[in-house]
Structures are given as structure tokens and as C-alpha cells.
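Once you scroll down, you'll see the structures, which are given as C-alpha cells.
In the two complexes that follow, chain A is the common piece, with chain B as its partner first and chain C second.
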Partner chain A sequence: MKERSKTGLFLMELILMVLVFSFSAAACLRVFAYARKVSDYSEDLNEAVLKAQSAAEAYKAAGGDLEKACGTIAGSADLKEGQYRVGLAEDASQPGCAAISGGAENSAVFFFDSRWNPVPEAEACFTLRLEEANHKLSIDVEKQAAEEKLFTLQVKAVDHGK
Partner chain B sequence: MESSRKGPRINIGSVSLTVIFAVLCLTIFAVLSLSTANAERQLAEKTAQAVRNYYEADLACAERAEAVAKILPLDPRQQEEQIRQLGAEVKEDIVSFQEKIDEQQALFVKLRLEEGGFRILAWQAQNVGEWSPEEGIAVWQGN
Partner chain C sequence: MRQNPHLIDIIAGLLLFFIFTAALLMILVSGAGAYQKIAGSLEGQYSERTCLSYLAAKIRHYDCLEAVYVTDFQGINTLALAEEIDGEAYTTLLYYYDGYLWELFAAKDSGLAPQDGLAVLAVDGVGFEEIEDSLFKLTCREGQRSAELLISVQSGKKGGLS
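What follows is the complex of A and B.
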């Protein structure tokens, strides 16, 4: 009788602890998943800021010439044809610039995968969109699937008045 | 008979101790990873805000410089007056102005007016925050 009671107590403890462990593990897993989500967002935001900043500096260094700026961005990232799309009002003669393909005038789009490597449009997870209007460049970094704007900048190249 | 009088009891044995330890570890690691992720997010958002503030000031300065360039064809007296209206200082052929980036920094711009345009002499972020130097070192005097 005493033996049976001991076994029963042990079994009860085991069942109770399994329950406690599964509840706390479920709660902790949710916290881990949320932390991962927040961490991924921070990483994406950091990359988006870097991409936008380098595009802004390329545009300023090119003196407000979007075509030249796109050439610089494409050249520095070693982009291949199809990994970005440029729509220019004037002739896109800059070496490294892809042909105009469905892009709005004076705009360019660069495509990146989830690890921020340049990829063709179909595989894109993030886009760097440059749109020029009134000598002002709007830079948007977006997450494709969520259509969520990660970072936005506006920049203007200084006109020396000459 | 005796055990039924005392009611059901739960045994606290090695299983319980192991589970308590595992749950404690899990909770600590979960809280640590959450706090690290939150700190990372705060830093990333701060960086993004700093970059946004800088480029807003940069845009405002570029627009002001462009406005200066538009004034250049006017005669010198009108030129000086209009440049002052833009909130810029004029000293001989040097035009300077600043745009606030945040509480601690401002973007300083210095332009030299030349025939038909201007040359940028300075375009830099500078510290404008107050600096309060430490007066003494808090060390134990032996009293």
C-alpha cells in the first residue's frame, strides 16, 4: 500500500511538472519569438538607413545627376543587370545603368533579398526607391511583402548657381 | 488511513527541482534576449532619427544656398538685404548661416560669393550644446 502511494505521488509530481514546464516553455518561446522579431526589425532599419544614406551621398556627390548617382550605387554594390531598374527622362548612357524598363521618369529602384544582397526583382524582399522631382531626391526603403516603409529621406544637391 | 486524513500531498523531489531550474533558466534567457532586442531597437531608431535630422537640416541648407544663388544677379545692396532676409550673415563676400540638427548640433554653412555663383567653404555639423566642465574630482580626502 505504501509502495503504491509513493509511485502515485511521483507520477503526480511528474505530470504536474510536465504541465508547468510546458506552460512556461510556451510563454518563453513567445518571448523569444518576439525578441527575434524586434531584433530583425532593428537589423533591417540599420541596413535601410545605411542604404538610404549612401544613395543620398551618391546623389549629392554626383551634383544632382540621378543617372550618375545610380551608376555609382550600382558600381559600388557590384550590381548586375536586372538587380535594379532605372527610369530616366534623358538617355541612360551611363555605363552600368540598366535600360529603362517600366520605371517612372527620373526614378530608380534597387532590389535586395532578406539578407540585403542585390537580387533580381522577382526575388526582392526590400527595395530602395529613388524618385527625383524639382531637383529634390526622395529616397524610400521599403519592405516588399508588408509594403512597409522602413526609412525615408529627402536630399537636394547644392546648386552652385554657376 | 493516516495519509487520507492529511489530504493529498505533492512530492517535491528531483523532478521538481530540475523543472524549477529549467524554467528559471528559460525565463532569465527570455528576459535577457528581450531586453537586448529592445536596446537594439532603441539604438537603431535613435540612429535613424539622427540621420533623418541631419538630412532635414542638410536639405534646408541646400534650399537656402539655392536661394542665395538666385539673389546673386541682383545689385550688391539689394543682394545683402535679401541675403539677410534669408537669416544669413554677410561679411564682405562671405555668407554664413546655420540650421539646427538637434539640441546638441547644428549644420554650419559658409559660402564665398563669386562671379556667377558661390563656392562652399564650410558645410559641417558642429556642436552647439552647452558644455559644463567638471569642477573637481570626487575623491576621498581621508576625512
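What follows is the complex of A and C.
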């Protein structure tokens, strides 16, 4: 009788141990998942900053000419047709241009997949959006699915010669 | 007959212990995997970002007329930053050699070899390209990752950003 009660206690202890362990494991797994999410976000933010910085530098090199800057960005990344769209105020009557202008004088959108490779719009996971109004360029890098702005940068073209 | 319940208790205890050990191992492996991925990603990001930031800072530091150019240094794609000290021409060469980003500061045409420079950062590849007049494309490769940055040299041009 005494022996049976001892075994039962041991079993109870083991069950309790497994229960406590299960709670701890669940907490640990949540922390791992969160760490992975933060790491992925930091990786995306890093790329977003580089893309925005490059766009600003191309705009600077083009002397504030968005069309030329877009040509430079597209040329440097070897982009193909469909992987970016440019909408200029002068072509607003053309289909598709008004849709991406959104109130801005000129605008352009570049599309990237989850690994930041250029892709057509339908496969895009991230977008680099350039909007120019009153000689100011607003650069936004967004995550498509979450409609989350990863990084925003505003620059203004100035002419030191004037 | 009296031995049987006792045996079942022992088997149940052992089974619980094995479940506990297996779950413990699973959590450990999962944690190690998460840590390995995050550490690898952070290390890659650090090398990429540090390399590009270092090169961008160097270019901005030497932003004088015709001071920044891409050249060939003993068959290696190199970024050259020229300056004049006490009437003598000096060049800082930045290039990728033997798994590292190297920097070599020497008098122009000093005859020094790539290994005479200073290894700055361990990366898997660095590339320099002048894609337009005064617009440079810097590429840094680390493992499977590759990052690009456009840098515009402001000197000698009328335009700029504010």
C-alpha cells in the first residue's frame, strides 16, 4: 500500500513537471517567433533605407528631374518593362498615369518581391513610391500586404546656381 | 498478478520522462535554429550596411571636382579618391581583395601592390561603377545577400538636395 502511494506521487510529480515545462516551452516559442519577426522587420527596414537613399541620390544627380532619375534607377537595377511605372503630369491623359499620380504632379512606383528583387506589379511585396509636388520629392517604401510604411524620406531639389 | 500495476506505473513514468526529454530537445533545437538565423542575418546586415556606409562616407569626404573616380588597380575594380598634399598628388584606393575590403593611401603611381593596403572589413565582394557622370553605384555582397547604393557626387554640379 505504501509502495503504491509512493509511485503515484512520483507520477503526479512528473505530470506537474511536464505541465510547467509546457507553459515555459510555449512562452519560449512565442519569444523565438517574435525575435524572428523583429529580425525580418529590421532586414526589410535596412533594404528600404538603401532603396530610398539610392532614389534620393539619383534625383540629386538628375538635378531634380524625376523622369531622368527614374531612368537612372531603372538602368542601374536593370529593370524591365512592368517592374516600374512612371506617371508624369504632362501624360496625365494617358491610361494608368492618373492612377499612380494621386494628387502629385509626377510620380513613379517600383515593385519588388519579398527578397527585394524587381518584379512586375502583380507579384510585388514591396513598393518604392516617388511623388513629386512643388519641386519636393516624397519617397515612400511600403510593404504591400500590410499596407505598412517601412520608411519615408522627403527631399527637395535645389539649384545653387540660381 | 500484484506486479502488473507496479509495472504499468513505471512504464507510465518512463514514458512521461521520454516525452519530457523529447520536448526539451525540440525546444532547444528550435531555439538554436532561431538564434542561428537571427545572428546570421544580423551579421550579414552589419557587414553590408557598414561597408556601404563606409564607402559612402569616404566618397562624401572626398567630394571635390574630379577627385572621385573608378579605376583598375592591377586588374581589380577600384574606387580612387584623389587629393593633393603639399603640392604632391596622393590617392586613396578602395578595393575588394582576398575576402576583404581594402584601403590603400599612397602617393600617386607609388607602385604598391593590393596586399600593401589595410584590410578594413571582411565581405564577400565589393563593386564600383560610375553609371552616369558623377553618379556611382556601390555594390556589397555578403553570403547570399547583396546590397546596392547609388551615390551622387555633388561637387562641380549646380544642383543638390536640401
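By definition in this document, the second predicted complex is superposed on the first by the 128 of 162 C-alpha atoms of A that agree within 3 Å, B and C clash if a C-alpha of one lies under 4 Å from a C-alpha of the other, contacts with A are read in each partner's own complex, and residues count from 1 in each chain.
In the analysis below, a residue touches a chain if its C-beta (ideal position, glycine included) is under 8 Å from a C-beta of that chain, and two chains touch if they have at least 3 such contacts.
Not measured: the values here are computed from a predicted model.
Trainee: A:Ala122 contacts which: chain B (first), chain C (second), both, neither?
Mentor: After superposing on A, A:Ala122 lies clear of both chain B and chain C.
Trainee: Could you tell me if A:Met12 is touching chain B, chain C, both of them or neither one (first, second, both, neither)?
Mentor: first
Trainee: Once the shared chain is lined up, is A:Ser42 touching chain B (first), chain C (second), both, or neither of them?
Mentor: Touch partners of A:Ser42: chain B and chain C.
Trainee: Is A:Ala25 contacted by the first partner chain B, the second partner chain C, both or neither?
Mentor: A:Ala25 sits against chain B and chain C alike.
Trainee: Look at A:Ala58 in the shared chain and tell me whether it touches chain B only, chain C only, both, or neither; answer first, second, both or neither.
Mentor: Only chain C; A:Ala58 stays clear of chain B.
Trainee: When the two structures are overlaid on chain A, which partner does A:Phe151 contact: first (chain B), second (chain C), both, or neither?
Mentor: After superposition on chain A, A:Phe151 lies in contact with chain B alone.
Trainee: Is A:Ser76 touching anything from chain B or chain C once the two structures are fitted on A? First, second, both or neither.
Mentor: In the superposed model, A:Ser76 contacts chain C only, not chain B.
Trainee: Determine where on chain A the residues touched by chain B overlap those touched by chain C, and list them.
Mentor: In the superposed arrangement, which is not itself an observed complex, chain A uses residues 10, 14, 17-18, 21, 25, 28, 32, 35-36, 39, 42-43, 46, 53, 56, 155-161 for both chain B and chain C.
Trainee: Which residues of chain A touch chain B in the complex?
Mentor: Answer in residue numbers: 5, 9-10, 12-14, 16-18, 20-21, 24-25, 27-28, 31-32, 34-36, 38-39, 41-43, 45-46, 48-49, 52-53, 56, 136, 151-162.
Trainee: Can you name the residues of chain B that touch chain A in the complex?
Mentor: So the residues of chain B in touch with chain A come to 3, 8-13, 15-16, 18-19, 22-23, 26-27, 29-31, 33-34, 36-38, 40-41, 43-45, 47-48, 51-52, 55-56, 58-59, 62-63, 65-66, 68-70, 72, 116-120, 123.
Trainee: Write out the stretch or stretches of chain A touching chain C in their complex.
Mentor: 3-4, 7-8, 10-11, 14-15, 17-18, 21-22, 25, 28-29, 32, 35-36, 39, 42-43, 46-47, 50, 53-61, 63-64, 72-73, 75-77, 155-161
Trainee: Considering the complex alone, what residue numbers of chain C touch chain A?
Mentor: Listed in rising order, the residues are 5-6, 9-10, 12-13, 16-17, 19-20, 23-24, 27, 30-31, 34, 37-38, 41-42, 45, 48-49, 52, 131-132, 134-135, 137, 147-152, 154, 157-162.
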